[in-house]
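Listed next: structures, encoded as structure tokens.
Okay, so chain A shows up in both of these, paired with chain B first and chain C after.
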Partner chain A sequence: MAEIKLMKGNEVIAEAAIRCGCDGYFGYPITPQSEVMETLMLREPWKTTGMVVLQAESEIAAINMVYGAASCGKKSMTSSSSPGISLKQEGLTYLAGAELPCLVVDVVRGGPGLGTIQPAQSDYFQATKGGGHGDYHLLVLAPASVQEMNDFVALGFDLAFKYRNPVMILADGVIGQMMEKVQLSEPVPRWSREDIERISGDWALTGRQKGRERHISTSLELDSYKQEIFNHKLQAKYRLMEANDTRHEELSCEDADYLFVAYGSSARICQKAMQLCREQGIKVGLLRPITLYPFPKIPTRTLAERVKGILTVEMSAGQMVEDVRLAVNGLTPVEHFGRYGGVIPTPEEIVEALKKQFIGA
Partner chain B sequence: MTEEIIIAGFGGQGVLSMGKILAYSGIMQDQEVAWMPSYGPEMRGGTANVTVILSDERISSPVLTRYDTAIILNQQSMDKFEEAVKPGGTLIYDPNGITREPSRADIHIYKVEGTRLAAEAGNPKIFNMIVLGGFLKIKPIVIIDNVEKGLEKSLPQRHHHLIPMNIDAIRSGMEHVEKA
Partner chain C sequence: MELTDIIREENLVYKKSPLLTDNVMHYCPGCSHGVVHALIASVIEEMGIQEKTVGVSPVGCSVLAYNYLDIDWAEAAHGRAPAVATGISRLHPDRYVFTYQGDGDLASIGTAEVMHACNRGENIVIVFINNAIYGMTGGQMAPTTLVGQVTSTTPRGRDVKLNGFPLKITELLAQLDGTGFVTRQAVHTPAAIRKTKNALKKAFENTKKEKGTSFVEVVGTCSSGWKMTPAEANRWMVENMFPKYPLGDIKDI
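Showing the complex of A and B:
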């Protein structure tokens, strides 16, 4: 069995990238995720696996370097925090439009604007609803532990190549800065040229070869009817993601009268709130969406049929709550509790919010 | 067993390192651990604190407002965290620089003269390990062998010659912790 280590979430992202055979990381520093690139620079993977690690001149440059590497069928990634992720949106919509796979890590901090460097979940809309222009989605994974920061890097690349779509890991300052026990994945080699031909040979720009059609990587189509057909194709892809790769976790839902819905570090805090509720005789369960897009609509709706009320807990003014309400569609009351601007909710105030909304305390 | 601990003091006192050593020691005895630092502007020239949780079960929230134990290294942290100790919980502090002694009657209060003992031993930097020793005497949640293994894991190889000195400091704290 692999060794157990004590590491920060951000450091684990870097280790996991090297170990999953990532070809290139392109980034620009910003708190609270600077340890990702710092760890990569210390580890110097270009001397071992041949992975490129490059500090770009800006976030915009970094995402466009990702575009370049991704169009060649390479496993490429970037990471940033909220203001930097806003800068990357043009690149992300182009990547989605050109159907290119890549991994983007957002360690969210409070906003808007430069905001604060403290943790937040206020970029849910930006992450799940497209973020840039045009009808597109990222596939969004929300880790709630340092172990998941490891696991979701390889998973993220798998899903990115499965769907030829950018994947985002949406973490926050808590998950990035916290240290926990982690079992790192076993290293796998980077893809060879033959591997890339086998896996992505029908689209990747691998150099003109005799006997095959020219590959063109673009998101431009001036014929609107053709552009609509392409949009149909994207929508079909998103329906496939919904059907096959929606992920969630349920904790203590079997006997629950009330339900918390929370992701990432809010889900961790809700687990404590759930314990406090149960000590007071209030049976609460937790539904933790692991994919935020596609959102676990069916499990949410199934649980909504059984509970008296749902409280979503987010470090935002109320963003995921809209997806929960769409899934529940009036079956049971859905209320929101949030702290934001870098403030982390306490388990005690979550318990009070649940009582106030549904029990009358 | 779940022990929820806050360690708080000035930046530079080794607050985060104390937490890291505790967390590593927990791993050495197969416990679940979480280490959550304060980060950002409040660290610069001000107070630093870290939450450490050791448990036999999956850890829920890494962010807490109530603690089983508070380890306090300066007055600002005393002002902030004395009230955050759960009733029946434990507060351990170094009296150096403390201008207002803790006063709660519903918690167990101990002091360790870490700063004074470290200065007498001619090595002021190890004061935090003396205080940690005091904590481990009162709350033996990790055994000293595992602390030693934890130090081996958390320190780079080039610092391993310092481990015996740190273990001695912990033992000194264990001997000198007293009820306040």
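Showing the complex of A and C:
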């Protein structure tokens, strides 16, 4: 029977991790996501599923513990918020370079610097454009509800292992802190030694067994021609992600004259703004990117051919708008509306922004 | 007498551990890294734990250690090896996990990771090669560089006013309740090599006994970085490094 509960987004991340058979969580406290590790410590999954939970000395250590665990073919994860995610960038580029699967949850808060503990979407660039050094990408999922906080944990691990690539859940302080009804996933057991052998047997560090070559998790290649070949391989992987695992949602787009493009909690607010617009006779639709990398370029472009204007709504000074403009490539005007520094936009001001940009007062 | 008369099984006094690959080592003549690699290989071989051991290599001259020892390896970011080893060991509690790190890696950029791994008493072995210099990047000052020692970033010698003091991190780590065995060794003579091998063996055996973190420092030479011949480097090490970094067990519980 489906288990339906009223829970906080952050708590759900912890619950979903245990239920999807996660092997290891390594974290460091930071608002607004500390409930993830707190929930895990209360639940003591090492006594039930055997999942390891460890409070690391820093975000740097936590992501490197993930690197070690991921090297073993284990489902491993960490979570943090913006300043902590900045510290994890070194580890993330090493994980991407060594082609290791893992899950990283970023419950974004406003910046720069120590900034604010209030929600923001100002780390879109960092999440989608690599974040650390080198030509690499994370696969980035953007939940817009507590339900998706649940669903994207298992999905995130699936995609991470499918592509041998780190996956990020890019949430924000609203999604992390708000309570909603959620249908929790059915628990699945952790992978056995045989499962790991079957799924990751050609690369996982399990101890060099007789009859196989030693396995090495490394991102080092001193020969630049070989490094270039490896970079080609990464790019080919990203094209595959783009072809097969780009996700988005369209709401009321069939008859729309105008389009909101928004992700995460901004998309939730846009739903209300859309309703207000339609009450005033303005037909607006919503395109919600679910994967921010790869970005849903084709649906964006297809809708751009039909609408008179696109307004991106972000809790940032305008980051995703660049990807929308690249996808639209001049087919229709693309404007940005943003509140930032921890301020959440109201539906009313979004409606006003749309009218001001495209319709005239 | 022909050479083939001499090279016979019954005359064999020493042979390369089968765990050491046939890859030509990239280390400079006189470097200590190769000797320590060979010792680790022999210990793993003698204990019969090749299939149960995972190594973590650092950023430094030994970044390519995984080319030389035929076991599974993870290559860590600069200084992060103890955190990587923590991840491996926590999820593979029945494995022998060790890090292999230089002084820049372990005692400068990775100070926090090594402190906390030792303080948690991670059931791992940490092998620390102290050559008092950043070998890989061309001989810059390390945290363990001696006062007055000339390096490319202390061209007039290490000045404590500018650079502070040589860091005796091994003594610091011995203070932590998580460490079970902390020792400082060297590989400049056959006797020292034998002692280091015994220390490494004890360290790996401690993993089985779950005695907390075992820490083996090896004071080593970097003839290229120090700009000396291998023989001069050995002498300089005995005369200058050993007084500051005395050999022997610091903690054994």
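Simple rule for what comes next: the second predicted complex is superposed on the first by the 361 of 361 C-alpha atoms of A that agree within 3 Å, B and C clash if a C-alpha of one lies under 4 Å from a C-alpha of the other, contacts with A are read in each partner's own complex, and residues count from 1 in each chain.
Here is the rule we go by: contacts are C-beta pairs under 8 Å (C-beta built on N, C-alpha and C of every residue); 3 or more make two chains touch, one makes a residue touch a chain.
Since this is a predicted model, take the numbers as computed values, not measurements.
Of the two partner chains placed by superposition, A:I282 touches none, neither chain B nor chain C.
Look at A:V324: by the touch rule set out above, it reaches neither chain B nor chain C. Of the two partner chains placed by superposition, A:L234 touches none, neither chain B nor chain C. Of the two partner chains placed by superposition, only chain B is touched by A:K272; chain C is not.
When the two complexes are overlaid on their common chain A, residue A:M149 makes contact with neither chain B nor chain C. Judged by the touch definition given at the top, the superposed model places A:C72 against chain C, while chain B stays out of reach. The larger set of touched chain A residues comes from C, when the choice is between chain B and chain C. In the superposed pair of complexes, A:I4 makes contact with chain B only, with no contact to chain C. For the contact definition in use here, the chain B contact set and the chain C contact set of chain A share no residue. Interface residues of chain A facing chain C in the complex, by the touch rule stated above, are 23-24, 26, 52, 54, 56-58, 60-62, 64-72, 74, 76, 90-91, 94, 98, 205-210, 214-220. Every residue of chain A that touches chain B in the complex is listed here, in rising order: 4, 6, 31-32, 116-118, 173-174, 177-181, 265, 268-269, 271-275, 344, 346-348. Residues 50-54, 56-57, 63-64, 66, 70-77, 80, 83-92, 95, 112-113, 115-116 of chain C are the ones touching chain A in the complex.
Across the interface of their complex, chain A is touched by residues 20, 23-24, 27, 32-37, 39-41, 59-66, 153-154 of chain B.
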